[in-house]
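Shared between the two complexes below is chain A, which pairs with chain B and chain C, respectively.
Take a look at the complex of A and B:
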C-alpha cells in the first residue's frame, strides 16, 4: 500500500504578492511537520502546476520547488491543467508500488490572482483547444456552461438545483481555516449573482485562487522501518482521457474520462461506488460536481442534479461531498487542487479535520480531480488502512 | 510575456477558415464515419489514417450554447456573445451565433456556418446564423 504520512496546505485565497516558491515552501514544511520524517529522506518531488509560465514567467518549476521544499532530490513538474497534481499523485503511487522509491514528496502550487480577473480568465482558457474553442470565444466558465445547458436539455434540472451545490459547499467551508470563502450563502444569493456565462453565475464558479499543497507518501517498508504513524493509505488509482475539444465528445452532458478513471480506481482498490463514504470532487463549477457524482457511479446519469437539494450530499447527508468546501468555497489554485483534495480527505479520515465529526466512522474516501472539461481525469481511493 | 508571431499563421486551420469563407467548408472524414477538423493525420475517434475532405453540410443544429458575459481579453469588445456547438452530422463545430436575439436561441435550432470578423482583434471567427 501507499501510505500517506503527512499533509500540508497553505491558506487558499488572494495573496497576489506571494511567489509560487514561497507558497510551496510553506505547504511542504507543513507536510513534513505533519509526517514527522526527515525531508532529506525524500527521493523525488512530483509537482503539479498549470499556468506558472504565464503567471510567474517561470518554467522548469520542478527543481525550483524541490529547493523551496528543502529536499535534495530530483523533481518533475506534471501538467494536466486543473488536474496537474492529481497526475503527480498517480505517478507517485506507481513509483512507490514499483519499489523504485520509498519516500516521495508530492504537491502543487498555483499563483493566479496577480494576473487579475482578465489575465486569469485568459490563462485558464488555454486548457481548451486554442484553434477550435478559444478562437470561438470559449472561456473556462463558458465551456462548463455549454455542458450545463446540454445537461438541462438532456436530463432536466435548473439553476436552483445547481445553487444548492454552491450553498452546501460554502456551508462546509465555514470552519475550514484553509478555505478562501468562510462565508455562508443562500440559494437567492447564487441565483441573483451576476452571470458569467449563462446559466452559470458568479456563485456557480470557483474563485481565482493562490495556494499550495503537499503530501508525503511512503512505502509500507519505510513506515515499518521508521515506526511512522500513517493510518491512511491510497489504495486505488485511476486515470481517464478524452478528446480535448468538447465538440468532439459523443456526450456533451457527461464526463466519460472520469468514469474510466473511477472504474480503474475502484478495481484497483477492490471496492465499488457504494463503499465510498465521503468524497472530494472537482467542483470548479456547480455543474461539475453533478457530472462528477454521476461519473463516479454514485448516481445514474440525470440523477445527481438534485442530490444537494435533497440533502444527500450535505455534511449530514448519506454521503457527504466536498466537506472541505470543495473548489467552490475552499478555492482552486489549480495546480494545488489534486493534492489538496488528498490532504483534506486524509485529515477527515484521521479525525483531525475541523469537519471530521461529520464522518466519525468513515474509512473509505475518494478524490476526483479533473483537467479542462474533463479531458483529463484522476480518481484516487483513500482508506483508513495500515 | 510575448505572444507568438501571428504572421506565421496556422497551417491547416487558415486554409479551412478561407474555404468556409468561400462557401466551401469541409471536414475530415474517416472510413468509419467519424468527422473531425484539421490539421490532423489520424481520426480522433478510431485512429484511422485514411482521412478525406468532405463537404460540410450547409446547415447544422444547435447542440448546446451559452451567452458569455465575462470574456477573455481578446474578445472584450465582442462581449456579450453567444457561443454554440453545432451538430453537422458526422462533425460538430464551435462558433458564435449572430443575427439572433440571445433570448431566442434554442437547442435544436437550425443554423448555417460562416466566417465573420472578431470585433476586438479583427481575426476571423466561426459564426452561425439562423436559417
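Take a look at the complex of A and C:
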C-alpha cells in the first residue's frame, strides 16, 4: 500500500503578494512536520502547477519547488490543467508501488489572484481548446453553463437545486481555517447573485485563489522501518481522458473521463461506489459536483441534481461530499487542488479535521480531480488501512 | 524490458504556421506506421511540452494531443523545461515495467518560431529562475556563457575547441532529412560569427525550432503476443535534479544532476560508461556537449573539451556523439527533443538511419536530455536486446 505519512496546506485565499515558492515552502514544511520524518529522506518531488508560465513567468518549477521544500532530489512537474496535482499523485503511487522509491513529496501550488479576475480568467482558458473554444469566446463559466443546460434539458433540475450545492459547501467551510470563504450563505444568496453565464451565477462558481498543498507518501517498508504513524493509505488510482473541446463530445451532461477514472480506481482498490463514505469532488461549479456524483457511481444519471437539496450529501447526510468546503468555498488554486483534496480526506479520516465529527467511523474516502471540462480526470481511493 | 516498437519525427525547422497539434499528429502517425501496431492499442499518452502557454495560449495539451494522435486514451503532460519529453519517457518506462500498461505513446511537440527570436528567447527564459536570474537579465545564452567561462577558467580550453563541436554536429546533419541545418560549416564559420554572449557565438548555439517527435513503447508481453519486430529496447533510466538558479550551485563547470541521472541509468541497465558506443547528448550550446560528455563518465572533468577537435566524437571517431546532428544542427523544439533523441538512436541502432553506417555493429546507445542549466536531467540507455 501507499501510505500517507503527512499532509500540509497553506490557507487558500487572496494573497497576490506571495510567490508560488513561498506558498509551497509553507505547505511542504507543514507536511513534513505532520509526517515527523526528515525531508532529506524524500527521493523525488512530484509537483503540479498549471499557469505558472503566465502568472509568474515561471516554468520549470520542479527544481524550484524541490529547493523551496528543502529536499535535495529530482523533481518533475505534471500538468493536466486543474487536475495537475492529481496527476502527480497517480504517478507517485505507481512509483512507490513499483519499488522505485520509498518516500516521495507530492504537491502543487498556484498563484492566480495577482493576475486579477480578467487575467486569471484568460489564463484559466488555456485549459480549453484555444483554436476552437477560446477564440469563439468560450471561457470556463460558459463551458460549464453549456453542461448545466444540457443536464437540465435532459434530466430536469433547477437553479435552486444547484444553489443547495453552494450552500452546503459554504456551510462545510465555516470552521475550516484553510478555506477561502468561511461565511454562511443561503439559497437566496445564490439565486440573487449576478449571473455569470446562465444558468450559473456568481455563487455557482468557485473563486480564483492562491495556495499550495503537499503530502508525503511512503511505502509500507519505509513506514515499518521508521516506525511512522500513518493510518491512512491510497488504495486505488484511476485516470480517464476525453476530447479537449466540448463540441467533440457526444453528450455534455456526462463525464466519461471521470467514469473511466472511477472504474479503474474502484477496481484497483477492490471496492465499489457503495463502499465510499465521504468524498472530495471537483466542484469548480455547482453543476460540476452534480456531474461528479453521477460519474463516481453514487447516483444514476439525472439523480444527483437533488442530492444536496435532499440533504444526502450534507455533513449530516448519508455520504457527506466536500466536507472541506470543496473548491466552491475552500478555494481552488488549481495546481494545488488535487493534493489538497487528499490532505483534507486524510485529516477527516484520521479524526484531526475540524469536520471529522461528521464522519466519526468512516474508513473509506474518495478524491475526484478534474481538468478542463473533465477532459482529464483522476480518482483516488483513500482508506484507513493499517 | 521496455521495447521501442516505433518512432516518428517531423522535420525540425522553421514552420511558424504549423500548430503543435498538426505537428504531433504527423509525428505520431509516423510512429504508428513504423510500429505496425494499431493506435487503438495505446493505453495512454505521456507527452512533453514546455512553452505552449506562451506560444499557443494552450495548456492542457495532453488530451489535445491524444486526439491529434487518434488514440482514445488518458494523457498526461510532463514539463521539465527542455527535458520535458525525457521526463515522459522515464515515467512511461516505469509504468510499462510496473505492468500497469502494455502499450504507450510517448512524445513531445513545441511551436516556437511563431514567437520570433525575441519572443522565443523570453519564453525559453521561464526555464530559469525568474526572480533571481531572468530579472537580472540572464537568458540562456548568458547562463551557458557563465558555465563556459567557469570551465575555461578551471580546466582551460578555447573557443576553437568549442567550434569543433559545432562543425562535427553540422557534418552529422548533412544527410539527415529531419535536421534544421543540412549545411557544412568550418571552424572559421563559428569563430567569425557574431558573439551572442562571450565566449559563445551564433554557431555555438542551437537554433529556435518547431517540431514534434513520438515513440511507441511496449512491454515484452505485447511484443511477443503481437509478433512485433522491435529489436531495440530502453534498458536503463535515470533522473537527476539540481537547484534551479546557477548562483545556488557550488561549481558551474560540472552538472551533478546529469551525473546522478547517468549513475542511476547505468546501474539500472547494468552497464558502465565504457559500454556506450554512441550517444545523443543535449548540446543546446557547444559547451553543453562538453559538460555532458564529462557528466556521463565518457571523459574525466576537464578532458572532454578537446574530444571533437581530436576526432574522438566525430562520425568516424571511437564514440560518435550526436550522429543526428544534435540540438545544434538537427534543431531543438524543446518539448520534442527528449523523444527525438530516442527516435534517432533507435534508427541508428536498427540500421535504418542515414548515419547508421558510422556505427554498423553498435548495440548500446545513450540519450542525455537536460532542462535549464541542467537543473533537470534524464538519461536513458537504449540497447539492441532481443
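The rule is simple: the second predicted complex is superposed on the first by the 386 of 386 C-alpha atoms of A that agree within 3 Å, B and C clash if a C-alpha of one lies under 4 Å from a C-alpha of the other, contacts with A are read in each partner's own complex, and residues count from 1 in each chain.
As a working rule, a residue touches a chain if its C-beta (ideal position, glycine included) is under 8 Å from a C-beta of that chain, and two chains touch if they have at least 3 such contacts.
Only a predicted model underlies this, so the values are computations on that prediction, with no experimental measurement involved.
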Contacts of A:133 with chain B and chain C, given as first, second, both or neither: first
Which superposed partner A:74 touches (first chain B, second chain C, both, neither): second
Chain A: partner with more touched residues, chain B or chain C: C
Which of chain B and chain C A:57 touches, first, second, both or neither: both
Partner chain in contact with A:243 - chain B first, chain C second, else both or neither: both
Partner chain(s) touched by A:141 [first = chain B, second = chain C, both, neither]: first
Partner chain(s) touched by A:184 [first = chain B, second = chain C, both, neither]: neither
Which of chain B and chain C A:198 touches, first, second, both or neither: first
First, second, both or neither for A:310, with chain B first and chain C second: neither
Contact residues common to both interfaces of chain A (with chain B and with chain C): 54, 57, 125, 131, 134, 243, 248
Chain A-touching residues of chain C, taken from the complex the two chains share: 19, 44-45, 50-54, 56-60, 62-64, 66-67, 72-81, 87, 91, 94-95, 97-98, 100, 125-131, 134, 239-244, 248, 257, 260-261, 371-372, 375-376
Touch list for chain B against partner chain A, complex: 1, 10, 13, 36-37, 44-45, 63-75, 78, 81, 83, 85, 92-96, 107, 118, 123, 125-126
Complex interface listing, chain A residues touching chain B: 54, 57, 117-119, 121-122, 125, 131-139, 141-142, 145-150, 153, 194-200, 243, 245-248, 252
